[in-house]
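We call the chains A, B, C and D, going by the order they appear; numbering starts again at 1 in every chain.
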Amino acid sequence: MSMLSYQHFPIYAIMLYFLGAFLIVLFGKNKIARHCLALLSVTGSLALLVSLVPRVMTGGEIITYWMGNRAYSGGYAIGIALEVDALSLFFALLVAVAVFVSGVYSIRYMEHDDNIPQYYTLFLMLAGGVMGLVLSGDLFNMFIMVEILTFAAVALTAFRNTARGALEAAFKYLVVGSIGSTCILAGTIMLYAQVHTLNFAQLSGLIPGHIHGATRVAFALLFVGFSTKAFLVPFHPLAADAHGAAPASVSVLISGVLTKSGIYGIIRLVYFLFQTMNLRPIQFMLVFVGSVSMFVCVTMALAQHDFKRLLAFHSISQIGYVLTAVGLSTALGISAGLYHAMNHTIFKGLLFLAAGAVLHETGTTDLDRLGGLSKRMPHTTVLFLIGAASISGIPPFNGFASKWLIYQAAYLRAVETGNIGYLLVTIIALVTSTLTLASFVKVSQSVFFGQLPDEFKDVKEVPFGMRLAMSLFAILCVLTGLLPDLVTKVLTGPAAQAVLNPVRYIAAARGIEVPAETAALPQAAGAWSPINWLLLLGISLFAITLVALLGKYDRVSENASAETLPAKYDLFFSGEKSVYSQVGGGDLFWGFKYNWRHYFSFMHDLHSGIVNDYALWAVVALALAIAFLQIVL
Amino acid sequence: MFTPAFFTTALLYLGYILIFPGFLFCFVIGLLLCGIDRKAVARMQKRVGPPILQPFYDFFKLCGKETIVPAAASRTTFMLAPLVGLAALVVIQLFIPVFNFRVFRNLPEVADMIVILYLLLIPAVSVMLGGAATGSPYAGIGLSREMVTVLAVELPLVMVLLSVAKAVGNELGTGLVFSLSGVVDYQAAHGSLIGHISMIPAALAMLLIIPGETGNHPFDAAEAETEICEGLLAEYSGAPLGIYKLSHAVKMLTLTSLFVALFLGGIGTGVEHLVAAVGLTGAVAGAVSLILQVLILVLLCIVLTLVTISFVHAVTARLKIEQLFKYYWTVVTGLALISLVLAWYGF
Amino acid sequence: MDFPFVKEALSSLFKKSSCDMYPIKPSEAAPNYRGRIVFHPDKCINCMMCERVCSGSAITHTSEQTPEGELITRTFYLGSCTFCATCMDFCGHGAIEFTRDYHMIATKEEDLMVSGTFLKKPPVKKPKPAAPAAPKAEAKPVTPAAAAGTVIKPRDDGKPVQVPSKCVYCTICAKKCPAGALEVDRAAKTWTLNEDECVACGTCAEACPKKAILMPGDEPVTVEAAAPAAPKAETKPAAPAAAAGTVIKPRDDGKPVQVPSKCVYCTICAKKCPAGALEVDRAAKTWTLNEDECVACGTCAEACPKKAILMPGDEPVTEGAAAPAAPKAETKPAAPKAEEKPVEPPKPRDDGRPVQDPSKCVYCTICAKKCPVGALEVDRAAKTWKLDEDLCIGCGNCALVCPKQAILY
Amino acid sequence: MFKKLIEESTGKSPWLFHINAGSCNGCDIELVSVLTPRYDAERLGFKLSGTPRHADIVVVTGPVTQQSLARVLRTIEQVPEPRCIVTMGSCPQSGNVFRGSYAIAGPLSKYVHVDVDVAGCTPKPEAVIDGLVKATEILREKRRAMK
């Protein structure tokens, strides 16, 4: 096998990141070298993974790569394997895209910070860690990658240690993160003790038969470990603190990529390692955790006063969506979940970059102090609006496509099983989507519209590099929104197939080719063709604007002189001269908050912000998981 | 690809968009409904009330007025928001079938019920963005109230749609029917859904939702002209304001025709038998039955407007925003929940 | 959750609207609605009362001298008018009238100006109108003393008739007559009634002190011989301070006479005299009667608190018998009790002012409080009681309220 | 054709905005009584609007006190063209009984061109309707005069 054949691409992808990280340590002082190295490694791995798509996704082939060429011998896999099936490649692509765009963004974004070489090293370490986790076929190798990415993420959170709460957030993240990693390590060890192998495929083959006391505990440990990585409900305050303090490009990685690694781990664990998804209680566990984190985080987000903390809570609620969808264990459910995971990486990345742009220009992300930035930063506003529209599920954009599939899947699942619980899940999903819209309307009113305070009078537009990155994400948002069928056919469909029949994954490790039966793509009950809709909207909008322009719609009387403000163009203040009175941040949605005041005060007390509470919750969650699984499995 | 057949279908669809269920139809019938509503409210207060064509006069007067863009406003959003809102509303009207007439008979259906639910969000968001763009504090408060109203109405509306989908799914045995035309076809065959026991609370809930969704009197905390000077529209004048008033009227039409499609689909079939009985055949029968059905739809919409919007407007006082939210999330959601549970257990 | 108006709303849908359809059906204002002003210049006498009373100062006038007289234009600016119609009330001649027309819409200011001009000729110097009195003079020069024994009956057309014998020509009836129909000439002792002016209200009869005017319903009066009305020409000089012991008789011409010894010069009689014929000077203790002013009505006698004025018909009073005050003043016999001097009760003062009896007084200061003019200062601590002479008006209120009757008046 | 339609409807749907410049509330309640069932100005298309931006006819009541002068002028300026200014009652027209007082800033016509004045110290509702109808005619001319 020549060095350039596709077999080696997975390891090249991982190595490019680590190599880049290592080289930047050496040559990082020089600005151009640093930028070239970073961009090179980022684009290189993306290119390699994209080239794998036709072969793995549509072709259905599973690439296994044994490190050190120690193939499967004598029934035991000694060497460390990388196994890339449709699911792994899907997540790898997500990671690569997010890292690429964030890399482009951080070149201009981190200009004013000091010791930038360390930033890029950590950045690429984090990227490599996640890529390794997603592609590796060996359980222990996954643990190592988890360790790398956790420490890189902790270091990056504290990168701007002068920011308020950065060090404290990093410390909290370190404590609970390491609790998670140790759980994963303990789980791996217990499994190894049972079946004496670490190769993922072989494990998946052996464990389903040996499910008893110890493996149940291992299952619980692994599940809790990966959910800390995904910041699910008991661990979600971590995310808020981490994102609040980390630079925006890092937040993109943490929320876009790190949480997905947690979800990837859970999917592997539940569908491959233990193959227990046919058991109702396990489905209930996943769906329950998903819906709780979905609803709790969106209500917490609505009450936030800081732009990035709000976005952090939203990313957890979207992860809740993904987990609920995956927990439905139907082909449509899983493909909808994965589709939403991809969309989430894209629009959440865009929103975090927009938050970074606001921070970069005004120096603050406090919703109560900002306002009226759309006059000074029009491009960022448009890009933000695209991101906000997609996350809140406004039709043409991608958020809607995946959420709509999730509602279908949940409701169909409810009909199949006749269990009214799924109906409740569907309704919670729909209400959460509207609450997301509410919080992003709040953000757009408090940050971009409303009145411009004096301190931000001379704010300029963001440099082109950052806008380029944001528009990349925006274009992806629109594309993935408009072509749901293509995405399902190429990306999420094969991934869902791969999840649903693990046998091929297991056999591939042994080198046996199991033909992929061409199961029908998951058929949605409803009908939604965004392209036709956009066409209709375009025609109708064109007609209306034409008529309006004929009626001299744009002949508008404007405020000619900038300095003097004649009374005619001043805001209507019941006769007074208009003074600065921005309605934003905490003043909005009194009606909703008043009706839910008891819930909000309870939630306020719960999120104490003290590390010991979070650690306590982690341990309690672990105990619950172990107890639950003992009974259930 | 530019065969004559392509041109005729393109022209046909252009006609659909601009003339029949599209722009012109919405414009005329929407403003008509608004006029009838204002007249009915006046008559209930023993006043003579404005002429039925008053909304037309209002609209054309506003077109003639000068549009002032406040200095604090961001100009493009201020100008574009009304247009996008109106365009989205007109497109929604295309998806609502008129008894057995459908715009997309042979094309794959573009949008089903859940999608229409979310398409209804676009006009609300366009009003909010337009108001926010003006930067006036009245608009800020209006935005906060409008969003809470949208939040309040979303939950029961979703439940109503889910229960209808489930009920029709039970009858057809396919589990779930999300497509609106599927629901209407079922009703055409088996009689209106309102006949089902499980659907009566849902229909009632839908009736209570219509004034809330369109932001009419008792639930117009967002555009309370006395308290917050027309809230979101505080800084709008001239043509953009006219377009917002027009989209408010068209929204009344969209929601009432959605109600007709969801619960009164069976009435259309009567027309078929009538036309057949009269002995008309072929294209003429089709045209006549279409016209009759459109007339019935408009009549039903008028009756619905009178019942749900005018009567409620004349009898109640404006609710505070948290009362509105509590009202929708307890009373109306309760009704929708009853029908959901009934539909769930197969009644 | 109750909806109070459901029934009304539904039922009024089918009822006729309660609308007046104003522009189509014209509507009339209320009967005496105060709308647009109409000015009748001919009636106006430019007394400017309306301008003075107008609250919105809406009425202005301009005048210009012209040979025939003063050309005055008066304008009512409706834009500043409150339509209170006070000017209409005050206008004695009905020149201002408020119509029921409420259509006062104006695009320019002039539409709201209502004005009128008139010519005011200067007043002509007419000879002193002796006319009305003259014709009456020769007809009945002096009401002859009606022959004794004739009966005077009240007139049947309701108008007053005079009883010459009783009438003292005090002209009160003329002054009181609202219509100005009576003319009484004191010197010529004539009582003429202007028939057409008289409104037969009867005020003169009531006002007449001597009941010398009969109205329908009074009994007829027969003139007795005794009291001829002939005026006593010579005037009796003011009664000198009669020496003690002299007898004072009431005068025969009916006018009052003073009894100096009893009189305390309290000036009440002067105040009561309707004709103002009496002058009493407290300080100089003089009582002078103005003969021709005096109408001999006797009011002073009745009002005198000390009965120091005699009218015909009272018994004569002999001086000195009861008059203790004045004469004994200078022949003060050596008061026997002077040296051991017990605190004998103080005598009330003669000039009508209060005096304190220290033995009874408890200095409760009520008198000071009740004094209408604040002439009394009483200090409880220092036990002092001071009266301010010129402030005090001798009303006697302090004596009245004093709980211990320690004040003599 | 379109221009004529706009002109026609400018006269047929005049929206009012009521400014109380220190009035004794006599005219204010009379203005609102015009919208009650008995007189029902809505028959002719009149409607009270919340902001000057939506208004065509500005109805000013009260003698324009010193305090309210600046606010009245600012609000009137915020009304888009074509607009009409109607003063109701005697106060805005001349200051009525308050004329000459230090507290009022004089008749409104000193500052702004008043189109129609409805005289009467509290004019009758019918008179108010007359005034407003006259104002709509002026509105129509102003609209025709606009380019």
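By our rule, contacts are C-beta pairs under 8 Å (C-beta built on N, C-alpha and C of every residue); 3 or more make two chains touch, one makes a residue touch a chain.
What you are looking at is a predicted structure, and each value in this text was computed from that prediction instead of being measured.
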Chain of greatest Cα-centre distance to subunit D: A
Subunit B and subunit D, separation of their C-alpha mean positions in angstrom: 36
Centre-to-centre distance between subunit C and subunit A (centres being mean Cα positions), rounded to whole Å: 105
Averaged-CA centre spacing for the pair subunit D and subunit C, given as whole angstrom: 55
Subunit B-subunit C separation of Cα centroids, rounded to whole Å: 85
Multi-partner residues of subunit C (each touching 2 or more other chains): 17-19, 21
Residue list for subunit D, restricted to those that touch at least two other chains: 37, 40, 43, 51, 53, 78, 80
In subunit B, residues with contacts to at least two other chains: 42, 45-49, 63, 66-68, 138, 229, 234-235, 238
Topology of the chain contact graph, where touching chains are joined (line, ring, star, complete, other): other
Full enumeration of touching chain pairs: A-B, A-D, B-C, B-D, C-D
For the subunit A and subunit D complex, residues of the former touching the latter: 551, 557, 566-568, 570, 572, 574-577
Complex interface listing, subunit D residues touching subunit B: 5-10, 12-13, 36-37, 40, 42-43, 45, 48-51, 53-54, 56, 78, 80-82, 143, 146
Of subunit B, residues touching subunit C in the complex: 40, 42-49, 311, 314-316
Subunit A residues within the subunit B interface of the complex: 372, 374-375, 378, 381, 385, 389, 393-395, 400, 404, 407-408, 411-412, 415-416, 420, 423, 426-427, 430-431, 434-435, 437-438, 441-442, 444-445, 449-452, 525-529, 532-533, 536-537, 539-541, 543-545, 548, 551, 553-559, 565, 568-572, 574, 578, 581-584, 587-592, 594-595
Of all residues in subunit B, those that touch subunit A in their complex: 14, 17-18, 22-23, 63, 66-72, 74-77, 79, 83-84, 86-88, 90-91, 94, 104, 107-115, 118-119, 121-122, 125, 128-129, 132-141, 143-145, 147-148, 150-152, 154-155, 158-159, 162, 165-166, 169, 175-179, 221, 229, 234-235, 238-240, 243, 320-322, 324-326, 329, 340-341, 344
